[in-house]
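Paired with chain B in one complex and with chain C in the other, chain A is shared by the two complexes that follow.
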Partner chain A sequence: MFQNRAEALALALPAAIFAAAVFLVPVLILLSDGFRNPVVDGVGGGWTLSAFTDFFSSSLNQTVFLRTLRLGAIVTVVSAVIGYAAAFAIVSLDPVAKGRVTGLVVLPLMISPVARTYAWIVILGRTGIVNQAFQALGITQAPLRILFSETAIFIGLLQLFLPLMIISLISALENMPKDAIPAARVLGANWFQVFWKVVLPLTREGLVIGGTLVFTGSLTAYITPAILGGSKVLMLETLMYQQVAVSSNFVAASVIAFILIVMSFAANILLKRVATARNKVRAAA
Partner chain B sequence: MKTFAFTCGAALLGLGAAQTPALAQEKTLTISVYALSQDEYKQIVYDPFQKLCGCKLVVETGNSVERLAKMEANKASPVVDMAVVSMADALAAARAGLTDKIDTAKLSNFGKLYDLAKDPNGDGMSVGYTFYATSIAYRSDKMKIESWADLLKPEYASHIAWPNVTTNQGPPALFMLGKAVGKDTPDLKGAITAVGEKKDEIVTFYEKSSQLVQLMKQEEIWAAPIGRFTWAPFTKLGLPVAWATPKEGQTGGMNVMIVTKGSKNRELATQFMDFWLSTEVQTKLAEKFIDSPANRDVKVSDEIAANLTYGEETARSLKLIPSATALDNRAGWVKSWNEAVGQ
Partner chain C sequence: MMPNSLGRNLFIPLTLFLVIAFLIGPFLIIVAASFSAGDTLAFPPQGFSLRWIAKVFTVESFRASFGMSLFLAIGGTAAALVLGIPASYALSRYKLPGAEVIRTVVSAPIIVPGIIVGLALLRYIVVPFGVGISLALFLAHTALVLPYAVRVVSASLDNLRSDIEEAAVLLGSSRTGAFFRVVLPNIRGGILSAFILGFVTSFNQVPVSLFLSGPGVRTLPIDMIAYMEIVFDPSVAALSALLAFLSIGIVFAAERFLGFSRYV
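Now for the complex of A and B:
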């Protein structure tokens, strides 16, 4: 498209400078706090990992770290399961209905997460509809305590990020050859085999994109864990906020920020690996 | 050409001259305040003051730690001219060299203040503008509260919210619980342990009191220690919510005004503080249940007084944590809390 690379680079330069100046540099400065030895009365300075060892030596921080990782993974897996079912149903609709239903799926993304999350406080409360329904159906005798628990955060995060998974899977399923499933059925595959051996490999990239979005979203969401979990069920993001806003401990906060960024990148790399490994197997076959 | 340049120059001068009075009017005062009740403050304090001084007020809001961190970051060239913070935060700001002594001679309303509000930390760096009681808001049809320790009774603990140690209400509530359980030390360890033992039952450790009204309304909680300044919304729920007077007494806190060291608008800041402390403004704020008055000339009806922390006797009877104790122990409180309650 361009005569030479220089032209292309020149065009990309303003955007690159902007991104570097307003994003990359501030983030690096902030993150570097986590690796600096604090100077106290002229003593100290230089680089150190002590902030990280301090962070992981606290049992509270370990609990919070594992909880964040666990909830992120569970939300991702569950949204993939529900997402596949929903995406299958949606792609099998006629074009008009498909457009409408996809619109409905996207709709929650246009509503403020604060409003959406506050609604859960009403719904999940001891006198909320979930508990009323459970008691009316005789499933429980006394109201369940759902609010301010991991379950509440899980429900909130799942609702928040499920649409991203569904949309990724819809486009993946649409790109899949139409006769792949009938062909597999004709050749004697049962539904499980159809999904595992045909659908999953062919839609793996959509799953990777959706999975990355959901996982990193769950790791970095703040409003949902803050409102539905509170300080009783801290996640890394709420802990980070507490370190900055309450304890003024910017070093611990940059350590958490660094951990979150590493976790996001790691998830992306891991999921991509899974996808390409599968592709290589297919290419080899 | 010369004529053209001259005309341009004259025009520019003219513009400059025309702009000078406008610029004078654009004098701004930046204040840093709590985010609560901003609509009412705008109506009662900010707008009338802007009219009076012909200046512009820039209002920054947030919790006190956020705001203090900002002041610390801008220490070299202060953005904020005056701030309102808690007594302990005022001492912290003074220790960090962020504040100046307040020229009380220039505050015409200073003499009208209750004695305890005149110099809460004894360093001349702050003036109290409101104080509040902290006690327990509770459902009088569901429970009976005679002591701070009653909140942790097995039949009640799963229906209460407790303030997180990191909030302004957290340490005072623990301070009183310590008295109730007979372990009354500045490190609050006895009280923190008692709360830690019930952490799974307690509904939530709240950070924002605004959340409690919703939780009380949907009967998620029956009781919570709260500051009197957040009491009014509970009375409008249509539920039998009462204000406890536990036998150990009530605790509370005082909010104070501080002026930033190096502020270029000291005169205006002092004028603003004086306006805020005036009997008229303090009365209006009291009548709307925003702030209990620190000005002893403020007279309100019994009905309004019932919703405030009102009068010198009340203020004197409050068991406040001394600012120095709070500052010197704060880090330890958070540490013990995280160990016993936070996980």
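Now for the complex of A and C:
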């Protein structure tokens, strides 16, 4: 460790000042806009919550807000369920196969999200693969409208974020003591009890990390709802874009920005709490 | 780990097949669709041709926005490293007052949704200071890559024993000389990894650039979204496939030659 403070500050400050000037200050001003009274003809100013009450009094905005929360929650839960199954299967492979399969799971993360989302148009569209198959099998007569729906957004988000959950759970399962499951089995636990009482508590931290990544990622995704939801099925990010690009309503955009940031931070804190609270219980017991 | 050997024999391959089909399948479909001879995007592709792959290179706006994205990814990442390497060095080697504050400020752009960063820049940097869109995009992408640069370079600095450079200083080298002759060669792999991670992040970034586009100034992903809303031909599929192979190629090369995953 070097002690020279002036030297250290000279090295670190350019980056910090840059991030503050280009990012932190503009973002904070933008967020504060949602709490200000607009100044009209020199009258107004001061702080108010009216933009927030206005925002939540609109039923469209309520729908979009609840849809964003709902999709975030469903994508997180489903990716956790699939993630556990996939992570179990992967850690039981031999080392070479494990490396290859993990590579295949990570591969989509390197492909542009625009390309990954675009593919679902080919699959879910009116003449897409799913509709072709359904009609050929006689399940439906007319093409189903899957694209531009919440279902399409759900599928797109799940595909986008599932790898993050799987990777988090793989490392959690690998760090679990090897004899925990056989021990529980010998003591007479069934497989449901093994998962609920042994695996889940021991991998809780990995689940929390994966869950936070998937949930905040889903809340703040733009490309998926923009391409697969269209202009009718909005999420908060696409609503924010419309407020700016179509309505020029910057106050509403600031309100949405504030809601998005609060939800991401709240999810982070809440999930961390869940993880540490459980650990304390275990340590005490 | 599974209930019995029969369950295990079925469960593992079936799960892996379904999950990987779900994750990789759509990409394979895009690749197949881009070789179609038909006029609209469809799967299975109608016939085989290279016309859509050829068309990608003739679309004027794709060429311009590809150039823009390439400039942002290379320039923005380089700028982030120029700011990030000294900051990481100070954070890992010095007793720095307010180190946690500096670390938080520098890593903050990763936490805040990109669309908010883009709008904030438009409203409070571009408009009041008359900054051009290209410069604003450059600043935004630099800020976006900075957290990755600091994280990856810090990790490789933490892996390097600090007594080597202290020895160099004791033996008469200046602090700066020790940095360039001892530290820098040893964290080369980390810096290159940070560069590749930053490049891919910047190149694929959409929300930050959403509000920062003007006439003729657009990043490639934004241009692709705009194009696919108007034209439903397989050229976006062809472009997506080409870009995907490009980034997969870069990451694979990096993994092979640098052991990329050690740093990320």
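Note that in this section the second predicted complex is superposed on the first by the 258 of 285 C-alpha atoms of A that agree within 3 Å, B and C clash if a C-alpha of one lies under 4 Å from a C-alpha of the other, contacts with A are read in each partner's own complex, and residues count from 1 in each chain.
The criterion applied here is as follows: a contact is a pair of C-beta atoms (placed from the backbone, for glycine too) under 8 Å apart; a residue touches a chain by one contact, two chains touch by 3 or more.
Predicted model, so just to flag it, every value in this text is computed and none were measured.
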item: Which of chain B and chain C A:Phe215 touches, first, second, both or neither; value: neither
item: Partner chain(s) touched by A:Ala115 [first = chain B, second = chain C, both, neither]; value: second
item: Touch count on chain A, higher of chain B and chain C; value: C
item: Contacts of A:Phe161 with chain B and chain C, given as first, second, both or neither; value: neither
item: First (chain B), second (chain C), both or neither touched by A:Leu60; value: first
item: Contacts of A:Lys232 with chain B and chain C, given as first, second, both or neither; value: first
item: Partner chain in contact with A:Pro14 - chain B first, chain C second, else both or neither; value: second
item: Partner chain in contact with A:Phe23 - chain B first, chain C second, else both or neither; value: second
item: Touching partner for A:Thr127 - first (chain B), second (chain C), both, neither; value: both
item: Common ground on chain A, meaning residues reached by chain C in one complex and by chain B in the other; value: 118, 121-122, 127-128, 227, 244-245
item: Residues of chain C touching chain A in the complex; value: 1-3, 8, 11-12, 15-16, 19-20, 22-24, 26-27, 29-30, 33, 41-43, 83-84, 86-87, 89-91, 93-97, 99, 101-102, 105-106, 108-109, 111-117, 119-121, 123-125, 139-140, 142-143, 146, 150, 162, 175, 200, 203-204, 206-207, 210-211, 221, 224-225, 228, 236-237, 240-241, 243-244, 247-248, 251
item: Residue numbers on chain A that touch chain C, as the complex places them; value: 1-5, 7-9, 11-16, 18-20, 22-27, 29-30, 82, 85-86, 88-93, 101, 104-105, 107-108, 110-116, 118-123, 127-129, 159, 162-163, 166, 181, 191, 220, 222-223, 226-227, 237, 240-241, 244-245, 250, 253, 257, 260-261, 264-265
item: For the chain A and chain B complex, residues of the former touching the latter; value: 58-60, 63-64, 118, 121-122, 125-128, 145, 147-148, 227, 230-232, 234, 242, 244-248
item: Touching residues on chain B, where the partner in the complex is chain A; value: 63, 65-66, 68-69, 158, 164, 166, 199, 202-207, 211, 214-215, 218-220, 334, 338-339, 342-343
